[in-house]
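Chain IDs A, B, C and D follow the sequence of writing; residue 1 opens each chain.
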């Protein structure tokens, strides 16, 4: 079993290069801000950022100037408001113009599935009667060979790199997630390279004790980064809560590009890595985010000898 | 929460009628022999039997004369040999002719997925260069609107009734499975009616303690049958092993139609229900099938209050 | 008993869910409305969230559609592939609650841009799941503030299909769900129960005149044969909203009508 | 040291897996061959079963492809939708082991019927996953007994595509996997390493003559430029098979060659 552990700095340096397409997924949960910040610190440029819900992570990355294009399905600060940096890029070209390629949620999921399963397209009952296919010519129609109405399809999406944040993995990258699993499995299989970032590294035996929870096999994983609280200010089910205070503060802070620049200086460029970020954040704030236990209960797989 | 529990006799009487299409799924694991036997006992006729691997259960049902058609992808006694009753029906029309509609495994899975997700077709990279589309005109081709090669598709399959055997459910049918989950989820969502058969009825709180394991929501379940060992001689992961002795014996026993008739008289018609079947089988034989414990370990979902 | 416009919208939406089994929902007003419905007129109501949750039992007021409190104690938590494929597209959503920046007379919605798509005046969030929700849910309810700049003659962009050009145009295109059934605003309620599937006024809220409603709508508003008055929230409804569902007043507003 | 024909086939298949990362496998000989390979020439080999198992660590000899001992302790257990979609069609299977009732010179396989499809003389199991496995695996190895009624000029039914009509015909049709690479029999080994992608003899087993091989093949057999002799199983290989993998002799046979 190959040990694929490395630091976030090494993982980004090795796998994320200028001009690549990068997907940091996670629907509200397990959004890997640690990877996003490291990409900003390493000053990548001209990335195509892929994510269903760009969230604050891509707002920060767009403000930092790493991206020239975004493929997405919902631009919002979930439960709070807008993504002001992305809106500035789109509406006013600040700090630089941002090309958009836009789908609905299920369209994005379908693109990942087609990419992951080597299909030429994914059919879905959406887009009919919508202007979205006019805005995005990659949304097309296919005839039903059984005589029904035509159906919309989306093409496969294969990001150069996917970053998957999860609760735990073993050193070779066999990865288990629970709670909102979003489209993490699909984007991992669709990508050409995969960086797995976890709250905990566990023994292979822990993984093998519950094989139904393994959504991503080490087989397809290139790097394993142990980065506790790497999803802050989003959350990891069972480990910490969303730091809603930060999401609310961002709505205010992101009103002006200059204030974001100052925030990046303090919280991204100004810290060498995630450990320093967490130290700056303070143990008290992290402690507030800790949930009480809610164990899942045990099932028995049976020993068949 | 509606209590949907009923006996197997009631469930079959209420939902399975002559001429219907019925899917009793479960890939090697959790094959609901109890439901198959009750369908035989209630002397249903002209059923279309749907299953990827007909296994002994459909061999028995075909010998008993309940079926006029079968939709499937692999005809074998897994790890042992042939399905002799089905072969007799196909090759010699004994006890009656059996129409076959044939796919590959992934084609069957795809038919369930299309049925479950209301798609007009499911595309898959199979069938090219095979004679299967010539033998089954429902396997068709679709052009790739992005300019690639044409791809094979299969149409949706929506069984009138699906029988799902699982480890546990609550009284309203929220169902959890582990081990080989096969295509149980897909066929359940594809069917028009669903009978869930479980080893254990558990409190709703047990289900809610591990929501990622709930593959079938009570929402789509019509009947919940508590039938321990209902999958014997197949197995339920963590509860009992496959009774391989029976699979080997069947290869021998099924060589002649008359011997199957005698077996059905003794083990199906001759017992009123599953409890009587198990009593006849004997506690010692069941005890031999019990695995040693292999607990999955606990994960924490966190209480967010 | 005084109440806010938001409280009245919550109560109206909850009542409209009477007897409903499944609802596709976001956070905020719709979430509170659904929880109120479950405690009153729809005890079997199950909430479905696009994040992948079925049958949530939140222990606190969820702050986003992916709040971890929606996961813990839920009936099922699934991938988004399954949520959109099996639950939504599979036809298991009875009612979906949607909002938008613009709506037209046939219930088509815009949540994408104000202005030209390629050079937008305002870039809005986009579809999220709304486009497929609008296509597949058996019925959709819209919850929006009634404002002239929102109830427009022609959308700048059709994100989510309603009754398209009205009449049978939606069915002709093969959309599986039934389309818009109800529009809940802070001033009035509307449905689409006519052959043209055109939005029509069915009730004004207490103290609101038909003229006030018409003034906020860009087109010539159709009236149902009987326009009634929305019954005010009951004391019990208000108690549940204020004490149980939104004790801190995050969503229910503070200004009485 | 004497050995059975099955043991030689197991050993030959295991050796051919040298350095392989993933193999799609059934029970019986192929399963034992893969486990032997993992203990000898392919320590990183992971077994994938169509039942939905990746990285099995069976505590006993599995008796069917869905044996519960394949599940307990595995790396991952997934739905068949994911197994066929993500793992197989996704291109993660390096080698697949297949068998068949009939094979032709281009490695096309029949597991469906002997005789006419609609009125078969013998009804065989059908495809199972073989049709998509043959289409998608990077390479396929066939394990079959060499018999004239199996190595035929024309298949009664093409279940699983090999090199079709040979040459580039497989690529032209757009099949993603590389197709047949090796045929392992009880008398000899064959590959397809020529521009016509035609089965050619590369090695005869100890004590078997080329004429014996040709006598069991319906067509005019092509010989590789150097036909070698299969090295006999080593003592170590036989020990692992007999003592560790199949101690009861369920699959390795009892008759020495």
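Operating definition for what follows: a residue touches a chain if its C-beta (ideal position, glycine included) is under 8 Å from a C-beta of that chain, and two chains touch if they have at least 3 such contacts.
Values in this document were obtained by computation on a predicted structure and should not be read as measured data.
Trainee: Quick one: which chains contact chain B and chain D both?
Mentor: A
Trainee: Farthest chain from chain C, comparing Cα centres?
Mentor: Chain centre farthest from chain C's centre: D.
Trainee: Round to the nearest whole Å and give the separation of the Cα centres of chain A and chain D.
Mentor: The separation of the two C-alpha centroids amounts to 40 Å.
Trainee: Take the average of all CA coordinates in chain C, do the same for chain D, and state the distance between these two points in whole angstrom.
Mentor: 57
Trainee: Quick one: chain A and chain B, Cα centre-to-centre, how many Å?
Mentor: 37
Trainee: If I count partner chains per residue in chain C, which residues reach a count of at least 2?
Mentor: Residue numbers touching two or more other chains: 53, 67-68, 71-73, 77-78, 85, 89, 136, 176.
Trainee: Residues of chain B that contact two or more other chains, please.
Mentor: 113, 118-119, 124-125, 148-149, 178-179, 181, 185, 209, 212, 237, 241, 291, 294, 301-305
Trainee: Between which chains is there touch?
Mentor: A-B, A-C, A-D, B-C, B-D
Trainee: Tell me, which parts of chain C touch chain B in their complex?
Mentor: My answer: residues 21-22, 44, 46, 53-55, 57, 59-60, 67-69, 71-78, 82, 85-86, 89-92, 136, 176.
Trainee: Under the definition above, what is the set of chain B residues touching chain D in their complex?
Mentor: For chain B paired with chain D, touching residues are 27-29, 52-53, 72-76, 78-80, 82, 86-87, 90-91, 102-107, 109, 113, 124-132, 135, 148-150, 178-183, 185-186, 235, 237, 241-242, 244, 247, 291, 294.
Trainee: If you look only at chain D, which of its residues touch chain B in the complex?
Mentor: Per the stated touch rule, the residues are 27-28, 50-53, 62-68, 71-73, 77-81, 84-85, 88-89, 108, 112, 117, 120-132, 135-136, 157-161, 164, 170, 173-176.
Trainee: Given the complex with chain B, which residues does chain A contribute to the contact?
Mentor: 118-121, 123-125, 140-146, 148-149, 151, 153, 155, 167, 176, 178-179, 181, 206, 209-210, 212-213, 237-239, 241, 291-305
Trainee: Looking at the complex, which residues from chain A come into contact with chain D?
Mentor: 2, 113, 116-119, 174, 185, 189, 207-209, 211-212, 214-215, 217-220, 301-305
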